[in-house]
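Here come two complexes built around chain A, the first alongside chain B, the second alongside chain C.
Presenting the complex of A and B:
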């Protein structure tokens, strides 16, 4: 082997916030990258993977500081370089593509100008060749050269991310760092962009580091994987070796959370086995007590939004969707972003009104509901939100947050209401309850926050829970626990659940019925297991293929 | 006016909170106030402002004890120069200038705080309602606020003040509040609109809370720093407006305040007689008081925008 392109020795990075104690983010990272390597860097949130990525490209900003170790890139220590030297290094050196790279484009300059700016700054492309070079670069990321004339606002998220990859490529970097390049994109687009990155890397032979929280995707794409946990690189091996025999317990745990929704039996830790033979009717019959009594009947519902700009066509968000959510049933609403699944949730909860069609819940006519009856609807139909960081007011204690629905929807007052609040906390597994009741949201982890959100949804003793991507913002290792909680609550409390997601694996795990939406229309529906095992519609098949399958690919 | 922070509770704030996940367990209201004061104090500019403001407030509160003479006692010699008995000389009417300056502080501080508070209360009530409502009421408020924003404030103040004729301090506060609330309302409205679409507000609707509770218990606490900032801005504007109106002779010219001192100094041609201190001292006090409030506002920015705190030492 010749000289490594990048050699990192004993690298440590600390965060030194003003007026706070220093927090080590990366400790003693040591590894080498050869020219042409494609390496994945995997870890959950807070594992230090992005901090490491920033340090590698010399982008560490206060309060982060490289406290020890060296980063030798082509024999030069980056950690000690001045800003001006670093800027020169960026040509033919290293580049980074960020998670929000698609938002890094200047909205008032055309894409062509973005390329020209870089060419002008580094002067490595002569004025006459610029047009040609820019065309070649956008061609590399599979975009037509016509995008050069357009502005960031006119491109989709996937196209913008491709443009930012092309911009990073324009300096012919030897090392490219992709920091969650597809996380903010839609599932199908994610898959396509990832393929582009993989092909580019193979064709251009640059060294690439792919930072991601998704072990499955990284295993599928890269040759070598480093797993980070709490600032330490706990495992560094080839993808095949990690897949076959993960050494570190943390890696084993991460791997165990992947499954194929198409398999006959799907199982992840903490969740009951979901085979094909699940008898729905018998489970409904066995319910007692608070069980859901009324069905939500959606028939022929459409929603058209007025055109976003003058002269454009109105947006058809949902077209002619009909379904019935039986009492006690659990149904998945699946589709890529923009497929209308959240709009349906909004219409069922009375937040939006359908343009045509009817929605009934018991004796409530939801599509024409008055403000006064909205409160009655919300006693019975509750919502679990996607983002636990946004769904809790940062200034209220858990006790306040949970007491509101109890006081508003039930006759309980004083000690009785408080007892109920503590009961709810106990139900969602936040014990000791008194301690959690006194906490503010920022003193809770993401998973704990989402449990509070679930407890709040249960507070009014609803018949129906609408869960809008309840686990998509959480780390993989937390997802199973929350899904198991939702599933068992549904069974013991007897509520019906509409589970909205783009993640087919979780849909397989917690639902019995499934509906696949594409551009606002239902393309496929039926029992979850049979639909996912034998998909008929082309769109469903594409959704299934977009899921990384480390096991089946190798 | 107020240097507004675009997104005080933005994602960055959330991330920083996440990092503090295991700090002190209980957070009482007193503690929050204490932390706010500590944050303001940690900004050097704001520290100067707090010290200056503290000086003027002490002057205002203890004026009768500190001032050597009764400010309206005109038994001294007229237009006297500096002397051991009268450090700043006497006015054309034979009053002690130093005593007037000290007593004038209480008028300015009083008007500043009361008018600032009242216009902030109006701005908060209107701004939040306006921002939260999406119906016809919102449009009506929109019209009224725009009306107040397009009319130039000083002429409007002069017209109202002239119409109310020598109403004293109460009148001045009224005029300042009437002309001063619209900007704050506009700023708070846009912040309310951005908070309105947050998940936790939707969640409160699902919890069965009514609009009033959502606005004042869920949204309002999340823009404390903006409100505090708008209060200091309004107070500054009120102090300047009060001095301006009195200088123009639109207030009650028998009250003792920095504005009326300027008015009388101008009337008695103090500059021509060489008594520059009569114009200089009240003018300096007005600008120092206004400056102290503006300086404090630098610290308020840091209250809910941690980014400003982190970047401060770069």
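Presenting the complex of A and C:
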């Protein structure tokens, strides 16, 4: 075997917050990378995978500090290099593509200047050649050379991420580290960018490390996978071996959360088996009390937004969408970002008015609703938001957050209202309830926050819950739990659910009906299982193909 | 180009609105200036018809419709004719303002710009060398100096450097007996006289710029594009100036615009303390003597200077931030 390109020995990284105790982030990482390897580094948030990636490229900044071990890159220990030596090493050495490539570009410098800055810093491209070289580089990431004149704000997320890949590539690196390169992007764009990375790696023969939370994607694109959990590399094996026989229980758990939405039976831990569509009406009959009584009827709804800037065309966000959400039913609204799915949610909750068409909920005419009736609508129709970090006021305790809607929407007061609040916490599984009631949002994990958001939505005893990407910000292992909670609310309480998502697997798991939206129009609808198993529309097929499916690939 | 035209158009429009308001506001008050003067005299006894006629002749009585008056007013403004001052009769308002404006613009305007540039540079340095003495010294020093009120610093400097040590002149913009002219000797004299007031303004405003720039710069240093620039091995100086500082300065431009706009109107205290013959001192005199034509003229000049400052900052934004150019 050749001399390894990168050899990491017993590497440990600690976080040393000011005035706090040091927290180990990475402990005793040991591995080697050969020239031309394509390796995945997988773990959930807080596993230390990004911290490790930053350490490998010499970017650890206070409070993070490499506390032990060595990183031999081409035989040189970069953990011990001075900043100035490290900077010189970056040309022809190691490069990194950051997680939020959206913000990796200087908003006030043109793309061309980004390239020129790098060329000037390392002097490896002369002034005469730099324009030509920049053109070649953006060409490699499949962008036209006209992007060089643009500024970051004028490019889409996918284009920006391609530009940052081209910038990293301009260093002629031997090692490229991709830290969640596609996480912030749209499903179809994710797929395309990932393909570009794959082709580049094959053509340029650099060693690549792909850091991701998405085991499915990593297994699909890389040859070797390292799994990180709580700062430790718990498994390091070829992708095929991990897929066939995961050794560590954590890897097994991660793997169990993947499924193919096209399969006949889809199952993840904690969620009931979903075969073909079940009979809705029979279940509704068995419920008492809270069960949803009224349907949401959307007919011929369109929404046109005025042009964003003068001289541009108006934006058709939704065009002629009709559907009925039966009481107690669950329907998925699926589409990429910009497909109009969130606009539909806004119109149903009375936040936006449709340009044409009608929306009815029971005897409420939602499309022309008056301010006074809005309160009644919001008693019955509640939202669960995407970002649990932004949906809770950081200054209020969970108790306060939940008491507000109880006092607003119900007649309960005093001890009665408080009892209801604790009951809600119990329903969403935050026990012991008294302890959780006293906490502030920052003392809760992402999954717990999202449970509080769900509890808040339930406070008014709604008939309908509109869940807008409720699990997309959460770790895979938490998703199943929340989906199971939403599903059981529907089973036991009988609320109807409109589930908005771009994730077809979760749609398959918790919904019976599905509607696929593309550019504001419905392109396909029907029973979830049959649509996903037998998609007719081209767009649905592309969405399905964009999902990583390691099993069928090998 | 289109960006510039829009901004110029906007400037002309707001200018017109300001001038019109300046016309309307005094006319919304009941009576005319002559009525007010006569009423004042009437408190001490009956006013004879001759006195009344002479006061009306001196102050003028509105004739014609509001619209005619408006047209006449616009014409006067276009010729910089703001009437005659009561206090400095028979000097014209335009002449008085014209004589005072250069002193204020040069002293306060220049010092404001210098303070902004110096404070911003020190702020960049403080954030870049965070935690070292280059950070602590300007930050603590700036906070300390700007905690003093404007006029208190002025009085302290005046007392110690002016009276006790006698290093600097204690009042005026130039030596007694000198006449303003463009000669080396006079300019030197003017510079010498301006040092104390300039230092006062510099000391009190520098701290704010340092702290403001330091905090936005620290925020920008945490941004992804700065990390990415470092990951690409750019030179530290490039990262600090072109990536971090270039973005960090943008929010501070707004405060700079406010400060520039305040130059003409906000120099009252300093000019009063140093007896400096600028716009602030003139405004003080006008208010004390109820010199309405002078006040009205000054208000218009102050409004125009605020508008011009905003215009300049808008253009600066357009140059520095491509996102605003669209």
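Just so we're on the same page, the second predicted complex is superposed on the first by the 553 of 554 C-alpha atoms of A that agree within 3 Å, B and C clash if a C-alpha of one lies under 4 Å from a C-alpha of the other, contacts with A are read in each partner's own complex, and residues count from 1 in each chain.
Note that in this section contacts are C-beta pairs under 8 Å (C-beta built on N, C-alpha and C of every residue); 3 or more make two chains touch, one makes a residue touch a chain.
Keep in mind it's a predicted model, so treat the numbers as computed, not measured.
Undergrad: Output check: A:167 vs chain B and chain C. Expected answer is one of first, second, both, neither. What do you get?
TA: second
Undergrad: Could you tell me if A:107 is touching chain B, chain C, both of them or neither one (first, second, both, neither)?
TA: second
Undergrad: Now for A:542: first (chain B), second (chain C), both, or neither, which partner does it touch?
TA: A:542 contacts neither chain B nor chain C.
Undergrad: Kindly classify A:95 by the partners it touches after superposition: chain B alone (first), chain C alone (second), both, or neither?
TA: In the superposition, A:95 touches chain C alone.
Undergrad: Counting only touches as set out at the top, which of chain B and chain C does A:442 meet: first, second, both, neither?
TA: first
Undergrad: Which one hits more chain A residues, chain B or chain C?
TA: B
Undergrad: With both complexes superposed on chain A, which partner does A:57 reach: first (chain B), second (chain C), both or neither?
TA: Touch partner of A:57: chain C, not chain B.
Undergrad: Quick one: is A:133 in contact with chain B, with chain C, with both, or with neither? Answer first, second, both or neither.
TA: neither
Undergrad: Show which residues of chain A both chain B and chain C reach, each in its own complex.
TA: No residue of chain A touches both chain B and chain C.
Undergrad: Quick check on the complex: what are the chain A residues that touch chain C?
TA: Within the complex, chain A touches chain C at residues 57, 59, 83, 87-91, 95-96, 98, 100, 103-110, 117-118, 120-122, 151-153, 164, 167-168, 170-171, 309.
Undergrad: What does chain A use to touch chain B in their complex?
TA: Residues 15, 17-20, 23, 62-63, 349, 351, 375, 378-379, 382-383, 385-387, 389-396, 401, 404-405, 408-409, 435, 438-445, 453, 456-457, 459-460 of chain A touch chain B in their complex.
Undergrad: What does chain B use to touch chain A in their complex?
TA: 9, 14, 16-23, 25-27, 42, 198-200, 202-209, 217-218, 221-222, 309-314
Undergrad: Which residues, counting only chain C, touch chain A once they are in their complex?
TA: For this pair, the touching residues of chain C are 223-225, 227-236, 238, 242-243, 246-247, 250, 320-323, 326.
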